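One structure, as structure tokens, below. Some questions next.
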Amino acid sequence: MPENIGEFVFPGDVVRDLKVVNGVILRGPGLHSHEEPNCLLVTRAGKLCFKPPNVYWVEGHFKRYYPKKGDLVVGIIKKSGNVCKVDIGSSEVASLSLLSFEGATKKQKPDLQVGDVVYAKLLSAHREMEPELVCVDSYYKAGKLGPLSNDGFVMNVSLNFVNRILDVNSLLLRALGQKYVFEIAVGMNGKVWINGQRTIDVLNLMNALLAAERESNSNIVNVCRRYLT
Amino acid sequence: MEVESNVNLSMREVNCKLGMFTRPDGSVFISQGETAVIVGIYGPIEVKPHKILINKASVETHYCPKSGMPGIADKLCESILHNVCEAALASALYPRSSIVIIIQEMQNCGGIIPCAINACCLALLNAGTDMKFLFASASCGLDDEGNFHLDPDDLFLETAAASFIFVFDSIGKGLIASHTSGSFNLAQYQSALELCKKAAEGIFDFYKSTIKKDLKDKI
Amino acid sequence: MAKFRENLITNCEKKFIIKNLEDHTRLDGRAFDEFRELSIDFGRDWGCCYVSLGKTRVLAQVSCEIQRPKSSRLSEGILSINVELNPLGASHFESGRNSELQVVMNRILEKCVKDSRAVDMESLCIKINEKVWAFRVDINILNHEGNLLDCASIALLAALAHFRRPDVSCDGEETIVHSYAERDAIRTVIHHYPVCITYALFKEGTVVLADPTLLEEGVADASLILGINSYKEVCTLHLGGKALMDPENILKCTSKAAHRASLLVTEIKTVLKQDDERRVQGQINSFQSFKHAQGTKSLDTLTKYLDQWSVQKRKRDSKRKNTENGTVQPLGKGSAVLLPVEDDGAKSWKPSSDENESDSCS
């Protein structure tokens, strides 16, 4: 067990004595392999986190998304056609085939215009290749994926705020849900789509999220707890 | 060495502010005495077709002077910064993309290169770009009588016999770049190096406390 | 091919902004004719000015050198304005390359300041047909969050007014330039202060938004740019984009812009005066705004949106207080009217001076 779990680490630091299960250490963002055994090299500044049995990562503050396989993202169509080009905020546009929607055939395809927003899953994300999106799961069902309505609003937040929203212990969305009726699609790429019944609701939600982004977790919990009884 | 008694060991006051711009992924304003720079980072972002590298990210550095077109001195500064940043960035993680580093001169009162190098490191930390190590730069000047002066300003540099700029990494505190001007002997170079190394350690501590303070509320 | 590195505005953002306009709201909660917060800072060097308007940031620097005058104007100095779309401002900006935006901005600023003869060019002449001062203003865009032009024009003007050129003396043939330390530097003569005021037009020019943000600029049909000085003289009028606008509306905008311009010019002059006073006292505080970061009360904002209920409760409380002070008067059988005690002026709405000018409602 490394001693500095929960402490701040900086690029160049080496984390030693890691827990290995079946000869593997699972490493998240900010950690890279080091020549010595049982050690990882830190490449980002942030808090070193650990999840049993053998998962390690660095939690920091990032605004730029780097695609990872299996992430659910909110993308903007940049170019339409049989294979759409979708802006997911990464260094390269992702491709999304119109056939990868539930029930889509060559004759019947969803109508996507430039500037439309989709909620999709990253099928492949390799650093050597263009990322590829799909709007179906492995059973060819759409589930919650697919084009998002044009009535909502898309906002950009930082990547670690996305994690904070989606944290199962986070009270923020629950507290907001007590006050407003709304739909939300949170993309791992920092794009968040919100839709509510009234325009003013969407506007309030947007401002509430932007305010929460600048606050620490404990403050948010304290505020939210008052509204969840 | 006989000059040790006359060494000015204090740096000018360093102030910084992180993330004050909304558009770049990471930004920092840093002022070292009266010298001030702003550094912004975008990256990894879409790369221009003619700059594409298939095995690593291409690092673009832009040094923008406050007035006029970039001159030779500005290009020199840009190339020093480019080399330092390229060495420190773990660019192999982002092939076929580019990391853009923009340095905007705000006020040049001597020692803009070390100030810009330190600002680059803080901005990269702020952006969360993967780096192999941190880097810090310190400068010192040598006057006609052989006295060292740490972190000299423009008034001192006008009359200085020599000036040294050193960049150190955070792992072994080794030298990764050095830039000198003027005339000096080897012993003087060695003592300047030792002096700057001590100062650089202070800068590494400054980075760490700044980033800790900045991240405390965000995670 | 989608434009390189440029961010696309989604259809839902467009729709949302238009919907909000119908409700008379803007995304940042401003009124239609409200401007964002402005702050002006000066550096240690003469003619270095840093302006922030909302989240848009611009740095301007004036530099000067001695040149031969242009053959068409032998007794006048030279002023060149150079807008630099610094890649720091937005990832699709490229340094050293002329883009359309850069050319348009440059031209409008030139029209506004140079062609309106705001700067006394004849005072920049040292020797006719031989030597004149050539001023160059570099305007660096540091953060692009909409309405670059207003921000740039304020920075340009403040930098020009802040700048001092070194004194020169002639002894026969030779011209000697005295350094700042040798002799007091000379201010530039500025006849009038023209600033650019931008309005974004929506819905065929019927809805006019002052000081548009980046998103609003992208959604707007057209933009109306007015260069106005504090004497309410129009120096530039630029209508870009595609929208029909009737002349009456333009005049209305102009009078609003004139009001804003005079406020801006007063602001610029006060900041310049403060800077002068500080310099006389020998303290130079360059880039104050960076050193004093203002803490944002985001937690209160979050509470506000989470809790519309508490706001209503407070209102109810105040009503109850009124009840205690009020008098109940019977109004026939089974009904009564509550007459609250009227506080003179203290609680009633004060009509704002520019109420007739604002066409928005909350």
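Letters A, B and C mark the chains in the order given here, with residues in each chain numbered from 1 onward.
Please note the rule applied: contacts are C-beta pairs under 8 Å (C-beta built on N, C-alpha and C of every residue); 3 or more make two chains touch, one makes a residue touch a chain.
By chain, UniProt protein names: A = Ribosomal RNA-processing protein 40; B = Exoribonuclease phosphorolytic domain-containing protein; C = Exosome complex component RRP45.
All figures in this text were calculated on a predicted structure; none of them were measured in a lab.
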From chain C, the most remote chain by mean C-alpha position: A
Chain nearest the global centroid, as defined over all protein CA atoms shown: C
Rounded Å distance, chain A centre to chain B centre (Cα mean): 33
Interchain centroid distance [CA atoms averaged], chain A/chain C, Å: 37
Chain A, residues touching no fewer than two other chains: 93, 214-215
Where chain C touches two or more other chains, by residue: none
Residues of chain B touching at least two other chains: 42, 45-46
Chain A partner contacts - residues on chain C that touch it in the complex: 1-2, 7-16, 19-20, 23, 25, 27, 29, 296, 298-299, 301-303, 305-308
Parts of chain A lying in touch with chain C, wherever the complex brings them together: 76, 78-79, 85, 87, 93, 113-117, 148-154, 175-176, 179, 193, 199-200, 202-208, 210-215, 219-220, 223-224, 226-227
Complex interface listing, chain B residues touching chain C: 15, 17, 20-24, 27, 29, 31, 34, 36, 38, 40, 42, 45-46, 48, 62, 64, 66-70, 100, 102, 104, 106-107, 109
Chain A - residues contacting chain B, complex: 8, 10-12, 30, 32, 41, 43-47, 59-64, 66, 90-93, 127-128, 158, 160, 214-217
Residues of chain C defined as touching chain B within the complex: 4-5, 43-45, 48, 50, 55, 57, 59, 61-63, 84, 86-91, 95-96, 136, 138, 140, 142-145, 284, 286-287, 290-291, 293
